[in-house]
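So that you can tell them apart, the chains are marked A, B and C in the order they are listed, and the count of residues begins at 1 in each.
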C-alpha cells in the first residue's frame, strides 16, 4: 500500500539503528554455557553475586556457594549427612590431652597452578588466618591454635592453647580453605585451590564459569566438564529461565510459593530438604524494652510460629524453639516449649510495665524476600497484643552497617546460615547484645569438653537457657529448595553447610 | 531546544486553532521556539564533554562499560516498542481521521482513551498472564543474552516491547488523528481537490506529507518517554537493562553508576531532540535552519 | 481503503459528536466522583479489613465472602483495593497542588520580570521537564527514602515545569495588553497588578492542566509503588498490590487484575473529566473543529510548554 510507503521512510533509519544495535553483540557468536547434557555442562542459578571470591576476606554465603567445595577445599570436610570426614587431610590423630593434633596430608594433591600441596601451605594458611592484619571474617575460629608446625611434606602438627570441641569443625568451615601462598593477591578475583573445578571466567553482573580440573586428586571427578553460575536475584525470573531451559538448576532462588507449580511441570523436579539457616526475629537486648526478659518472653508468646511458617513459607519451614537446628546432633526439639499464647503475652507485658504495649521499628533487608514476608505476618500478630510495629525495609548494605555492625535497631529479621553458631549468643558484642554470664559459662564448657555425652548435656542446658531467656525469637529453619531439570543428579538434599558441592553432580544417561 | 513550526504548530495545537495570533506568538516565544538552533547545540556539546564516568563501587568495573552492556537490552527494547507504537498508532490515527464523526472514529477514540488510562506495567502483567502463564507461548520474563541467538533474544523482548508500545500508541493515535484532521481541513487539500485530483491522490500526497511532520516530531519525543517507560517494564520482565542498573545502583548507593546512567539518559534525550529537529528539516523543505 | 469526505453530512455527525462529548464528560465525572466517594467512605467503613491476615484462606478465588478474592496472606482484596484508593488520590491531589503552587510562583516571577531571571528559571524548568519523571522520582526516593510522602514530593517536583510554563506564557501574553498598561498608568504596583489582573486570567489553562496532571500523578504513584518506592507494606496501594501479585500470577490471576483495573478506571475518569472541562471552560464553546484540535493537547502534541506529556510510564 502506498500509504505505508510514505510512513515507513522515517522508520528505515530506526530499523537501520535497530539492526546495528542487534548486530553489535555478536549475533551468532559461539554459544556460552547452553550445553546442557550434550556438552556435559550445568548452569546453576544463584540469587546474589559474590562480593569477591576470597573466602578469607568475606563471610558471604554467595562466595561459599561458588568457591567452597568446587574451587577450594579444606583439611576436613562436612559431608551430606553432616559428618566430619577426611578431605585434604587423609587422617588425623589427637594427643591424649587433645592439645596436639597431627594431620597427615594426602599425597599427589596439586593446586590449580600445578604445584603440589605441602604441609608448609597449611601452615601458611592457618597462620595467615590468625594474623590480625588479614582481617579474617572468622578469626576467632583459630584463636585457640597456639602453633602450627610442618614436620615434613605431608605432616602438619597443630598445637592448641586449650581443648576446643569445635576445632575440627572449624577446620571444615569455609574460611579454612587451603590455597598456595603465591596466589594470595588474586584470591578475590581468581581464587586458586585444589578443588575439582578451576575458575574460568567472571562476567560482572552476569555469571561465573568454572571448568573441570583435569588433575583433580579424585579420579573420575568431577563428573561435569563445565559449570556456570548465573546471578538471577528474582525468583520469578529464575523460574522463567528454568522453564525456558536457559538454566538447569535453581540453586537458591526457588520461592516456596512456586514449589507446587514446579512439581506439576513435566521435566522438572523439586528438592526439599533441610539447611542450617535459622531465621530469627532478633531483638536488641541492650535497648529498652527488649532488655527486660519478660518483654522478650512476651514477644515469643505473642508470635504464632506455625502461622509465620505458613504465611511466609507456605508451611515449608520447620518451626524452631532455639538456635540449635535439627541437623545438629545435639538438637532437642523445643519448639513447643513456648507455644503461641497471646493472653500470656499481654500479662507479661503488663507485668513488665507495658499494659498498653509499645511501639517498635522492624528493619528488614528486602534483598531476602522471606524477611519481608515474615515481617508482615509478625507485624499483624504483635499488633494483637498491643505492640505496634512499623516495618522498615532497608537495603542490604545499610542493614549490614546499621543493624549488624552498629546494632542500631529495635527488631530485625534475618537468617543465620552457619552451622554450630551458638557461640554468637555467648558473644556480648554480637549485634544481639545479649550478655548472659550463665550462658557464656555453659558455652565455654561445651567448647572445651570433648566428651560427647557431656557435650550433649551441656547443649541441652544451653537450649534450656535460650528458651528461658529468649534473647531472640527463633522462628523457623529456611528449607532447602532446589528446582532442577529431571536429568540432573547428585545435588545434595540437605545442606549442613552453606555451599553447593558440584563435584558429583551429573546428567542422567 | 526548539521544535520548528508549521504545519502542526505546537503552539497552535496547544492553544487551539482559533487562538489569536498574538497569543500564539507569545506562546511561541515563551516556549523558546524562536531561539536560534546554534545556541542550543552548544549547550548540548558542553554537557557531553564532561570528564570520565568513573568506576562502579559494587562491581569495580568502569561505569561506561556497564552502561553500554545494559544498553544491549534497553536500546533494542525501546526501538522495538517504538516500532510497535508507530505500526499501530499511525494507521489507526489515519483511519480514525478519515472516519471522523462516524463509528470507526469513536471506536478508535475509546480504545485510545483506555490505552492512555492503563499503566504500562499492568499491561505487561496482563500480557504475561495471557501469553506466558495461560498459553505458554513465551517465557514469563528474563533475558538470556544475545549469544543464544537473535530469535531467542527477540522473543524475550516481545512482550515488554508490546506492553510499552501499545500504551504509548494510544497517545500517538490521538496525535496522528488530530494532525491528519488538521491537514484535511487546510487550504492545501481544498485546493488540491478543487484541481480535480482524485481522492486517493489527495490523501497520499498532501495529507500525509504535511501530517507526517507532526507525527514524526511526536514519535521522536515519545522515544524519550519510551526510554523512561522501559525502566519500569524492565522490572516486570526482569530484563537486565539500564533501568534495573539504575535501581540497583541507587539501592546500593553506587553513585558513579547512578551519575553515569543519569548522564547517559540526559544525553540521549538531547540527541533524540536533535535528531527530530534534523528529521523535521528533511521532511519539510520549507523549514530551513538559519 | 479510505476516502475523505470533508464536510458532507455535517449535522448528523454534529449531533453524534455532541452526544459523545456529554457522555464522556458524564462518565468522567461519575468515575471521579466514585473514586472520591470511595476514598472518603473508606475513612468511615470498608467491607472487610484490609490488614487482617487469614493464612488459611490465602489466594482464594473471588467468592461471596471475598468478592475480589484474597491475597497471599489471606487479606480481603476488595478491602485492600478500596483502602488502596487513598494513596492514589492523595498523591494525585497533593503532588499536583504542590506543582501548581510552585509552578505558578516560578512562572509568574519569570513571566513578569523577564530578562535574566526568566532565562535562568526557564532553563531550570527545561532541565527538570526533559528528564524522565520516573528517574527523578527514583533519585528523590533514593536520597530521602521510600514512602508515600516522598512519592508526593517526587511526583510534585516533576510536574512543576508544566505549570510554570503555562503560567509564564499567560503572564507574558497578558502583560503587554491594554488593561495592564492602564493599571500601571493608574499607579498600581507590580504585586497588585499580578494579583488582581494577571493571575485570575491564567486560571483557566491551569485548571485544565491540573485535570491532566492528576491522572499522570496517579500513574506515577502506581509505578513508584510497583517498584517498591512508594507506600510501604502492610498498607495497601494499587501499585504495591501489583508488585505482590506478580509472584502469584499462576496461582491467583485475579490478584493482579483488580488493582490494575482500579488504576485504569481512576485515570480514565480523570481524563474524561478533564476533556469535558476543557470544552466547558473554552470561551468559544463546542464545535467539531474545536474538539479535534482540543483533543490534540491531551494527546501530548508539542513538547515544550504546557503540553501534557505522559510521564514515566
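The rule is simple: contacts are C-beta pairs under 8 Å (C-beta built on N, C-alpha and C of every residue); 3 or more make two chains touch, one makes a residue touch a chain.
Source: prediction; values computed, not measured.
Colleague: For subunit B, which other chain has the most distant CA centre?
Modeller: Farthest from subunit B by mean C-alpha position: A.
Colleague: Could you tell me which pair, A-B or A-C, is linked by more C-beta pairs in contact?
Modeller: Between A-C and A-B, the larger count of C-beta pairs in contact belongs to A-B.
Colleague: How many angstrom lie between the centres of subunit B and subunit C, each centre taken as the mean Cα position?
Modeller: Subunit B and subunit C have C-alpha centres separated by 20 Å.
Colleague: Please report how many Å separate the Cα centroid of subunit A from that of subunit C, as a whole number.
Modeller: Here subunit A and subunit C have centroids separated by 47 Å.
Colleague: In angstrom, rounded to a whole number, how far apart do the mean CA points of subunit A and subunit B lie?
Modeller: 46
Colleague: When you check subunit A against every other chain, which residues touch at least two of them?
Modeller: Touching at least two other chains: 236.
Colleague: Would you please write down the residue numbers of subunit B that are in contact with two or more other chains?
Modeller: Within subunit B, the residues that touch at least two other chains are 94, 140, 203, 251, 253.
Colleague: Mind pulling the subunit C residues that touch 2 or more other chains?
Modeller: Expected reply: 246, 250.
Colleague: Which stretch or stretches of subunit B touch subunit A in the complex?
Modeller: Interface residues on the subunit B side: 59-61, 66, 69, 71-72, 75-76, 79-80, 82-83, 86, 90-91, 94, 132, 139-142, 144-150, 153, 203-204, 208-209, 212, 216, 219, 238, 240, 251-253, 279, 283.
Colleague: Under the touch definition given earlier, write down the residues of subunit B that touch subunit C in their complex.
Modeller: 1-3, 8-14, 16-18, 22-23, 26-27, 29-33, 94-95, 98-102, 106, 109, 112-114, 116-122, 125-126, 128-129, 133, 140, 164, 167-168, 171-175, 177-179, 181-182, 184-185, 189-190, 193, 199-200, 202-203, 207, 214, 217-218, 221-222, 224-225, 227-229, 231-232, 235-236, 246-247, 250-251, 253, 258, 261-262, 265-266, 269-270, 273
Colleague: For subunit C, which residues are in contact with subunit A within the complex?
Modeller: The touching residues are 51-53, 55-56, 58, 72-73, 146, 228, 232-234, 246-248, 250-251.
Colleague: Under the touch definition given earlier, write down the residues of subunit C that touch subunit B in their complex.
Modeller: Answer in residue numbers: 2-4, 6, 12-13, 16-17, 20, 24, 111, 122, 126, 130-135, 138-139, 142, 165, 168-169, 172-173, 176, 215, 219, 222-223, 226-227, 239, 242, 245-246, 249-250, 253, 256-257, 260, 263-265, 267-268, 271-272, 282, 284, 288-290, 292-307, 309-313.
Colleague: Inside the complex, what are the residues of subunit A that reach subunit B?
Modeller: Its residues touching subunit B are 2-3, 6-7, 10-11, 13-15, 17-18, 21-22, 24-32, 34, 204-206, 232, 234, 236-241, 243-244, 246, 395-397.
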